[in-house]
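Both of the next two complexes hold subunit A, though its partner changes from subunit B to subunit C.
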Partner chain A sequence: MVAVDMPPQTRRRAARSPQTMAWLLSAPALALMLLILLVPMLSALVLSFTDYSLGATELNWVGLDNYEKLFTRSSYEKMLWATLTYVLVVVPMSVGLGLGAALLINSLGRGREIYKTIYFLPVMATLLAMAIVWELMLHPTIGMVNRTLEMGCGTWIESLWPWLADGCANGMPIWLGDKDYALWVVCFIGIWQGFGFNMVLYLAGLTGIPRDLYNAAEMDGARSAWERFRLVTWPALGPTTVFVVTITCIRAFQVFDTVEALFPRGGGPSKSAYMMMFAIYEKGIKQNLIGVGAAITMLFLLFVMIITVIQRRLTERKVHYS
Partner chain B sequence: MAEVKITDLRKSFGDTQILKGIELKVADGEFVSLVGPSGCGKSTLLRIIAGLEQESAGSISIGTEPVSGIRAADRNLSMVFQSYALYPHLTVAENIAVPLRMRQMTRWQRLPLAGGLMPGAKRREQEIAAAVAQAAETLEIGALLDRKPGELSGGQRQRVALGRALVRAPAAFLLDEPLSNLDAKLRVHTRTEIAELHRELGATFIYVTHDQVEAMTMSDRIAVMMGGEILQCAPPQKVYADPDDLRVAEFIGSPKINVLPAEADAMGRLSVLGRDLPIAVRPGRQTLQIGLRPETLHLARGDAKIVGRVVHLEHLGSELFAQVAVEGLQGRLVLRAAPAQAAALQIGSEAGLDFDPASALVFDAAGMRVREILTAPAKSLAQAV
Partner chain C sequence: MTRFNELLKHAVLLFGALIVIVPFYQMVSYSLKSPAEIERGIGGFAGSQALMTDEQCVGRNTPDRSDVETARTRFPGQDDSHVLGQLLEEVRAECQVRPAVFNYTSAFSEAPLLCYLLNGVIVTLSIFVIQVVVALPAAYALSKLRFWGREAVFGMVLFCLLIPVHAIALPIYVGLAKLGLINTYAALVVPWTISVFGIFLMRQFFMTVPDDLVDAARMDGMGELAIVWRVMLPTAVPALMAFAIFSVVAHWNDYFWPRMVVTGDRSLFTPPLGLREFKADIDGSLYGPMMATATVIVTPLIAAFLLAQRKFIEGITLSGMK
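Here is the complex of A and B:
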């Protein structure tokens, strides 16, 4: 339907179909995406089926061997267990605490900035530096934690708290050296470090809720704080929550620096805190077993992809963006 | 349904007094508009009546009960907000049902899933659904019940907000500028609908607006507020024709009332721009102001009281407004004329204006209405005519 009196040059350009034009225009972005995202991912996928190691002159196709190891060897079983425990503990706790802290700070008239800063400090601090502080605090004999606990020995607290009584009798736990505690300490530090970030995101979400909605809820007979939360706050925070949970999940799967800093021998006592990211680093880089490292990476990507898909589904169905 | 009585209500934020002793009695079933320029305290007054804001002093009673210290949820009032304040995650039907669910169902009955198993929950749900359907029918939004507010137009949202207010029978309805987010055409239409709704329900309405046309067209009485005070509360026609205060006269009526400086001599006889008028106030020399509505001014047939130059014309079809600049006057005078007179009014031409002295509203220098108007002694009357 080109106008007849167009100059010939314009007519030739217009003759190129809009579809071709669209492909041409998006070609640079597509090329970059292929080069930066898809090619490395595909090469990792290919490598995960080989026994390649950096500097080796040849590589052999080993099929699913690397994957078989992942699901049969006990150290990888521990890795999966530790990673999943970490994610399942840290995500709900740091999201819940972040929301709680945000609600509390939001209800404050004065002193908001101080609390915001305090809770946000661990996020800003480098975990490697913080790990030294934690190591000191958790030192079995001179650490602040055990010293404080020992102060409870011989008092009435001991009779109420069997765990403490046990510690007083048989020695306080060696936090970082005991396989029963190491993973939980890592989880605790993960929560401590992560919830300030979630709090800031929730605070931003809270400022976006129109005040009129709370007034309307009050007029409609929502008397308690819980009813207001159910009727107004929680639904309005839906988009924030989806984002916060996804980000926290991915960050939790990626935990590495805590393990690396706290356990110089790698992976914690009897590999009880052997996280996925750490395993990729240890196998793929330290031991130069690129094939195995690539296989763990593929598993890691699978987890992240599952989370992303769930997030998309939730966003489409349940969460309301107004 | 109940009357609302406000006695000596005061509100201040820090040192700033927002409300300075408001007295207002809204009768059962009455439609009262609070109208005034922005910042006059009308919304604050409404929010204090609602219980969303705390008064600094004074009292409010709804029905026979004083409600000071009673929280908004327990005052049995419904409110429509300027922003509509619909819950974005709930459908229209759920939005309208919220006030009933919150008030008529126990916490356990309201639980998702398990709530349905609670004794009496089923029956309650059915009653509420019936009430919602009826409210939707009244407002003709039955077809929208399954939609979310985000999928509705401004006018539809406004109806849903109204539906949420009238789904139960509160003591009074409070409306905070509900039409200000609608386009002009829809506003005129909805105005009529709200007024009809009020007649149908026979409920007490307190309506806040900055638009004097809305107030004039819908209300039984208008309370004109300025600077934290109610200047006058009276039926629309009285507020227009017989204002207590120059500020009321200036706020109500479009185009604005013309204000002319006037002088009273020792005998109390008035003169405007050097022309004597056949009216007088109490004896005593003073400066006064007279207000003339555009429709009381007309083109002079013979001797004109005021002479000016036409500077602007507004043809509205059924009528014609002419702005006339008069020497010695700061503002322009606005004159309403019939379209037939258009020939006599040309931009740039001279126009002689006249008015019936009896229709002039006289105010003192401070703007208070001077109601005691006498016919001037015969001598000056002869002079004026």
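Here is the complex of A and C:
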């Protein structure tokens, strides 16, 4: 509006000044960064010290009450346990499987592309839809998993596998309805969905290792495949591993789709799969306890920051931007 | 020995591939089968495709009083209950369908799936277009223009890269609610309009574009904005493609954010929300249509992925380039 009112000369000069132009070009991005990223992050911090709820006329400062709740109430204790268990299971497993798959595929003569494609499919698929498919597969009576297991009943497998024998005698697990299994099923789906992503990153890392290194290692006496892996491959994949672990960790903390779809009433049997993101959604949005939701948000942010700091420490020497 | 090794590797990888693929197989298989086949676990992959009666079609077309009146001439000398019985038989005969057809037509008729898909397209495309419109000029300014404060702006971009979206979801939800924007397209799009990752990525890419190109354009009398869109954009097409895939896949599959800001208004549902709603309404016999819905939602990206694997893997693992 202002620009239109200015006399033509000034306008032209303003447009020509590289300083102004540069700021004008970055202005929309800057404004949105401020409004959508920085201000909300600070307001989450502020809100976490209040009892704010939407529609309430007043807002009270409650100090650390929300945080105290997080560390004293048993439902939040379950939330922390479930989330940490999920992270500590999914991260090593999906990183390990990703690395294993990449190593195997990389050493193949033929058929690399087909495995790569297949393993990457779950990364592309809508997680919510696939969670629902898994739920159907784990259905206690009509699901494919229990049907397959039941085929083993009465065969020699039963004698080798006590767990199966128990299932045959006393009924197969009800998986998602059983608090001993629910969280593990959620972990399994997380691993199933995520390891292909890690595999692709590891495959890229593997192509970057010069062949000479292997020859040199062999001359130094590293004859077995394990020795070569330990001396060459693993150290060379270091930066990839740091990155893969970081991103898998952060994603694991954000698990939401699976738990929301599988446990509509929230958190699974006895809250055994009550994840942080779901807690934020349940407290903040469904129950309109914004303060508590914000406190959980800050806790999540703290975890992410710890992971990021560790990552930065590990890669500090190698990464440089400008 | 090497032959054996190779075989062993294939065996392990095939086993993994089997577990990865089973849910997809199951999803498509259920989407083709009749309820009875799903219930009893028979029929192989595609079921027998024997004609089944669509009970809902029967329900809709159940003959009433006036139908009986008009049909009486066709069945001379029979009492009303007989006529009714005959008519019901006719309706049932007309409502015979193949299970696959039944599943897919119900997927679209039981819920406004077409509308959900359209919403998905509108939301993902608007997000991508706005992200580019905001990010490109900023990336250009940060890479090709010297201005006071450039380092600070870039530092802010690097800092914002660390903020996980889930950490600001709740405050943004509160902000949108205050503005009365919950349950609007704006709520689905606005939080994603700024992609610091996009800015960072394009800035890194523009750094590789020779300055001469920009200088030549300036000599030709082009304004800075024209340079961004007519000179820089065409050079950036490959990077932009990768970013497009990254952005579109993330937002087509996203469930967390739509769940937060769209409550109940079905006309705004994105595909994952629609599927979730379908699951919530399900009366037990609609697994077939539910899996048909899931198939419809998952297929576009999977098909695109299979057609352009290299591009997709590159796009999805873009975040690996940070």
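Keep this in mind: the second predicted complex is superposed on the first by the 277 of 322 C-alpha atoms of A that agree within 3 Å, B and C clash if a C-alpha of one lies under 4 Å from a C-alpha of the other, contacts with A are read in each partner's own complex, and residues count from 1 in each chain.
Here is the rule we go by: a contact is a pair of C-beta atoms (placed from the backbone, for glycine too) under 8 Å apart; a residue touches a chain by one contact, two chains touch by 3 or more.
Please read these numbers as outputs of a predicted model, since none were measured by experiment.
Asker: Thinking of the overlay built on chain A, is A:Leu64 touched by subunit B (first), by subunit C (second), by both, or by neither?
Answerer: Neither partner.
Asker: In the superposed model, does subunit B or subunit C contact more residues of subunit A?
Answerer: Per-residue touch count on subunit A favours C.
Asker: Would you sort A:Met151 into first (subunit B), second (subunit C), both or neither based on which partner it touches?
Answerer: neither
Asker: Pick one for A:Ala56: touches subunit B only (first), subunit C only (second), both, or neither.
Answerer: After superposition on chain A, A:Ala56 lies in contact with neither partner.
Asker: Answer with first, second, both or neither: which of subunit B and subunit C does A:Leu88 touch in the superposed model?
Answerer: It touches nothing on subunit B or subunit C.
Asker: For A:Ile306, decide between first (touching subunit B), second (touching subunit C), both and neither.
Answerer: neither
Asker: Under the contact rule defined above, give the subunit A residues that sit at the interface with subunit B and also at the interface with subunit C.
Answerer: Touching subunit B and subunit C on subunit A: residues 321-322.
Asker: Taking the complex as given, what residues does subunit A use to touch subunit C?
Answerer: 15, 18-19, 21-23, 25-26, 28-30, 32-33, 36-41, 43-44, 47, 52, 54, 97, 101, 104-105, 107-109, 111, 113, 115-130, 132-134, 136-137, 142, 144, 147, 192, 196-197, 200-201, 204, 243, 247, 250, 254, 256-257, 260-261, 264, 277, 280-281, 284-285, 290, 293-294, 297, 300-301, 304-305, 308, 321-322
Asker: In their complex, what parts of subunit C are in touch with subunit A?
Answerer: Going by the criterion above, the answer is residues 6, 9-10, 12-13, 16-17, 19-24, 26-27, 30, 38-39, 41, 133-135, 137-138, 140-142, 145-150, 153-154, 156-158, 160, 162-164, 166-175, 177, 190-191, 193-194, 196, 199, 223-225, 228, 249, 252-253, 255-256, 259-260, 271-272, 275-276, 279-280, 287, 290-291, 294, 297-298, 301-302, 305-306, 309, 312-313, 316-317, 319-320, 322.
Asker: State the interface residues of subunit B toward subunit A in the complex, per the touch definition above.
Answerer: 47, 50-52, 71-74, 77-79, 81-83, 85-90, 98-99, 102-103, 148-150, 164
Asker: For subunit A, which residues are in contact with subunit B within the complex?
Answerer: Against subunit B, subunit A makes touches at 210, 212-213, 215-216, 218-223, 227, 231-232, 235-236, 238, 320-322.
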